[in-house]
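Supplied in structure tokens, the structure appears directly below.
The first chain written gets the first letter, and so on, giving A, B, C and D; residue counts start at 1 in each chain.
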Amino acid sequence: MLIVMQQGATDEQVQAVMDRMIDMGFNVHRSTGVVHTLLGGVGGKEEFDLEIFRVMEGVKEAHRIISPYKLASRHFRPGGTVVKVGNVEIGGAALVTIAGPARVESAGQIALCAQLASAAGAQILRGDATRPEGLRQLRDAADRYGLAIVSEAGELSEVDAVSGIADMLAVSPRNMQHGALLRAVGTQRKPVLLKRGIAATVEEWLLAAEQILSAGNYNVVLCESGIRTFETYTRYTMDLSAIPVVKKLSHLPIIADPCHATGRRDKVAPMARAAIAAGADGLLLEVHPDPDRAESDGAQSLSPAQFDELMRDARRIGEVMSRR
Amino acid sequence: MLIVMQQGATDEQVQAVMDRMIDMGFNVHRSTGVVHTLLGGVGGKEEFDLEIFRVMEGVKEAHRIISPYKLASRHFRPGGTVVKVGNVEIGGAALVTIAGPARVESAGQIALCAQLASAAGAQILRGDATRPEGLRQLRDAADRYGLAIVSEAGELSEVDAVSGIADMLAVSPRNMQHGALLRAVGTQRKPVLLKRGIAATVEEWLLAAEQILSAGNYNVVLCESGIRTFETYTRYTMDLSAIPVVKKLSHLPIIADPCHATGRRDKVAPMARAAIAAGADGLLLEVHPDPDRAESDGAQSLSPAQFDELMRDARRIGEVMSRR
Amino acid sequence: MLIVMQQGATDEQVQAVMDRMIDMGFNVHRSTGVVHTLLGGVGGKEEFDLEIFRVMEGVKEAHRIISPYKLASRHFRPGGTVVKVGNVEIGGAALVTIAGPARVESAGQIALCAQLASAAGAQILRGDATRPEGLRQLRDAADRYGLAIVSEAGELSEVDAVSGIADMLAVSPRNMQHGALLRAVGTQRKPVLLKRGIAATVEEWLLAAEQILSAGNYNVVLCESGIRTFETYTRYTMDLSAIPVVKKLSHLPIIADPCHATGRRDKVAPMARAAIAAGADGLLLEVHPDPDRAESDGAQSLSPAQFDELMRDARRIGEVMSRR
Amino acid sequence: MLIVMQQGATDEQVQAVMDRMIDMGFNVHRSTGVVHTLLGGVGGKEEFDLEIFRVMEGVKEAHRIISPYKLASRHFRPGGTVVKVGNVEIGGAALVTIAGPARVESAGQIALCAQLASAAGAQILRGDATRPEGLRQLRDAADRYGLAIVSEAGELSEVDAVSGIADMLAVSPRNMQHGALLRAVGTQRKPVLLKRGIAATVEEWLLAAEQILSAGNYNVVLCESGIRTFETYTRYTMDLSAIPVVKKLSHLPIIADPCHATGRRDKVAPMARAAIAAGADGLLLEVHPDPDRAESDGAQSLSPAQFDELMRDARRIGEVMSRR
């Protein structure tokens, strides 16, 4: 920890800050410069609220020198992590596509989606279940076409049920900072797909991943899902620079969700291609046999023909990126 | 509903849009202008996804003419709503202050906070309980000083417990668009404090309120809690213009939470005064006997002395605003 | 124009709005619905301030039915526009690369940059001149290597000088809404590179282009340069979805500037590749013989080796996009 | 300057960073920790581009310890600055109101505005001149009612003319980072009203002020004018927390412009009151004898009656803030 005192900070103010640091177990090194007094702190608690120092009298700045995330940092595994979902590897040499409807509507609908997904080359089937039988229908459809499945655990109380059936649990953007849920998916055994909150910085996102890893589950895949900006033509703005940023800061795989990000079916293909070109490990796509009549999120679901064409282009761009 | 077709849209495109509108139960009126064809739709479903039309071929714009929220609109109750929390009225002639710690830490801490709150003139005690006995300690402390209480229901499964003891349930910014939770707090009997999501527009916020009202609970108080912007000196940016905007669009009372919004104790008082001057019905404040040693959110908690001074100023500005 | 009155708007309010519309030359059609009164206006002034209606008593919404931009809209030239810069075509079958330093520092530096740019396959040399001889040095360097040049006109008073020497004039993000400058570059003969303001929506950007086109200059190329968001790891956030959005709404070519957008040399290549994959017509790149020692913007300038590698990848992704 | 190297940074990487620091004149102190190597730099150039270090291999973070602004910092003048505009003091005990139309339209219009402004208690008349005689008309109108005047210098070439006649020069939000213009208003003698750019952080704003102060002109008043966010009901979002933040970081006075920020006449009064309650030194208001027929910005201009009522309320809130 490094505290920079304001120019002209009084001795009492400096002392109060030092006392507070010592209280928290830090060894303090004071360095009195011409302009600013600096206080370096070593060896204290790993988790503490830096803001406490920022609002103290006489403090100009407070910096955390050591990353607030460790297990999620690239340094922890310089070679990168490959997460296994069923038999599918995310973060390895091959691009991965997760496809399916927003919601499991019926056994017939999800089976049709599984067929579409499989035929176009997707490896994992997605679908959120709002009824108890939904998860079972998802499993059956996936099994018939040899796909793995990912489904959302939207509440603490749903973690066990989803974890029991699905191959991967999704945490939605809204829940990205839901501490109790992060701990819960961190203590079960299935891999986790952690979507970025629409108002979350990359650092906050990696901190959320850290909470899952800290609980013992190292199989986390990040998913860029769009952030809220002032531009309204698309629902959110896809922050594709987050892909190379995450690749530098963390060892975790990262995929992209252009459907949630743009909210518009006609913008999904260009953003999906761009995500691959930016280095993403895969795509999360909404596809529906008849998007105009989907129960939910139809406007952002690809039709089978759009999906097929996108898959072909994505593969070719993947080759430029040395992906299979 | 009004659809504006692109200049040069084909007859097939116009017809496809009309068919889709008729499918959804609308009577369609077509008006062919020099530049654009307009399609007006009357009488169809109240809830539908406008995006479906925006991505259809040949469509330039799609507008919902009737407000997506009705029960929450000012027109529904032009005189405004007064929400009763225990014996306290929010939205009436008097300003209301809700004060207390972020979390109930112990019986002693919450009792001390209740004493502080009461002495400075607050009417409602806040405190989130992370342990089962927390709610009970909150209730006891509040009762001793004649205060009502508000506490958060963070999960669906917590609604009943909080509703059974507290006088008002809070929905956190993160949960503002948690549909199932909104319906759950809408079917229980206690009033609800609905905080604005940090990435939510005013319209999305009023739509969330509408979900609670639709479920039968008309006692909703809105709380401006800050929105995420590019400015980083404060944690979020308090959107005080939301206060007069909500007052115009809706009949629901609105209060302000400068602690959550700024994240910095030294900026709470100016923003609290400003909120009153902008027309807020009250304040939600974090106060702690010893903020530097609070378990949670200490940097944004007022000390007893700061709280006291703020209450005096807020009252004087309230007088300018014709508030008691 | 379409005005939606509030539910319960009085006859006086409706009449006042109608009077104002008639004043502005509109024929008004009133339609009284069960819930809302609608006022349609046809045939009035093309340019008017819609906000005037939004703040009138009793008005709920005001929509402009006809696009605020016409010459810039896709409908005006459905086949798209190819802009010629010297002998280089932007918006045609081939991808175009504009490369060079942020600033012309010396005859030697710019000559070296021109050599680099040319060797790696760029067609246009960029460089802003802060000294009078700078433009001349830029011209000389470009001519030696057969490149066209683009340079910024930062002030009204600079338009003539830059237009006299350069092949294309750049308008910086800061000046995107500088009306007088837009008119000035619209009345001279050289093509214009119009960069997006960091806080501008796509609609505001197309409106700025419309001002140039309205003044008689149809040779406008748009350049996505990043928008300001809450994410701070990169300087701005590159809004790549703007590329397909602009392609749909307008006939103007669009290129991307990943150096300005990210502010970080190590994120330029992935974002440049992504821009091509999203459909951009070309790239604007900062390259410097020794970026660490550049006078300006060194952190966001590519080294010669980085530039070379990027050009190879961009070409391969261009092929997937059917670009030469 | 403080550089934090990544965990596992190589000796070559550390050395390269040290070499670069030494090149720039810094004395470097190396501190090798268990996790990170820290490099402290003292005594080098005051102005340098920190980004250069952020993109070097092996660098995790780079911090500037000494404020990038000095003359504008609170420490430079702990007691605060009072700026004199004609005979009017901004930043002293009294609240100041600057009022007038967006543009000088005619001698008659500006005279009427001056009368309105004066009658309601404003001390300074505003008005931007788009024709040469406009400044003269502004001066005449102001003189007749004993008001000082502020007018915008929108281009470098306008600085002399405006400085010759007006009592204060305004720099618009668009020009907040126009370096050459900042230096030009910094070398003339009249005080400067520096509006915040709509995408500028408080730090960038104070850096812009620093450029004016560095050029020798210490009479700078800041003006919060709204920032762009995702909320669209108001044109921009007024960041009132910037007022107490600036008061802490800087000695410069700060006023607020609720007309530009909200873009809606019906939201000006609440935000103006709130700005005073947050600690602003004054207000900048657009007022027009007949806003519905103003040539420019009518929707955000107060009518005479609205202006009068607001002035009364602002004075009363000013009293609570110990303002005359």
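Some points to look at:
The definition used in the following text is that contacts are C-beta pairs under 8 Å (C-beta built on N, C-alpha and C of every residue); 3 or more make two chains touch, one makes a residue touch a chain.
Source: prediction; values computed, not measured.
Across the two candidate interfaces, B-D and B-C, the one carrying more C-beta contacts is B-D. The greatest centre-to-centre distance from subunit A, using averaged C-alpha positions, is reached by D.
Remark: subunit C and subunit D have CA centroids separated by 27 Å (rounded to whole angstrom).
Between the CA-based centres of subunit B and subunit D the separation comes to 32 Å, rounded to the whole angstrom. Spacing of subunit B relative to subunit C, judged by their CA centroids, is 38 angstrom. Across the assembly, subunit D contributes residues 199, 228-230, 232, 266 that each touch 2 or more other chains.
By the touch criterion given at the top, residues 199, 201-203, 227, 229-234, 237-245, 248, 261-262, 266-267, 270-271, 273-279, 313, 316-317, 320 of subunit C touch subunit A in their complex.
Those residues of subunit A whose C-beta lies close enough to touch subunit D in the complex are 2, 4, 6-8, 33, 35-36, 38, 42, 60-61, 63, 65-67, 73, 75, 78, 228-230, 232. Against subunit A, in their complex, subunit B makes its touches with residues 20, 49, 51-52, 54-56, 154-157, 174-175, 177-178, 180, 198-199, 228, 263-266, 292, 298-300.
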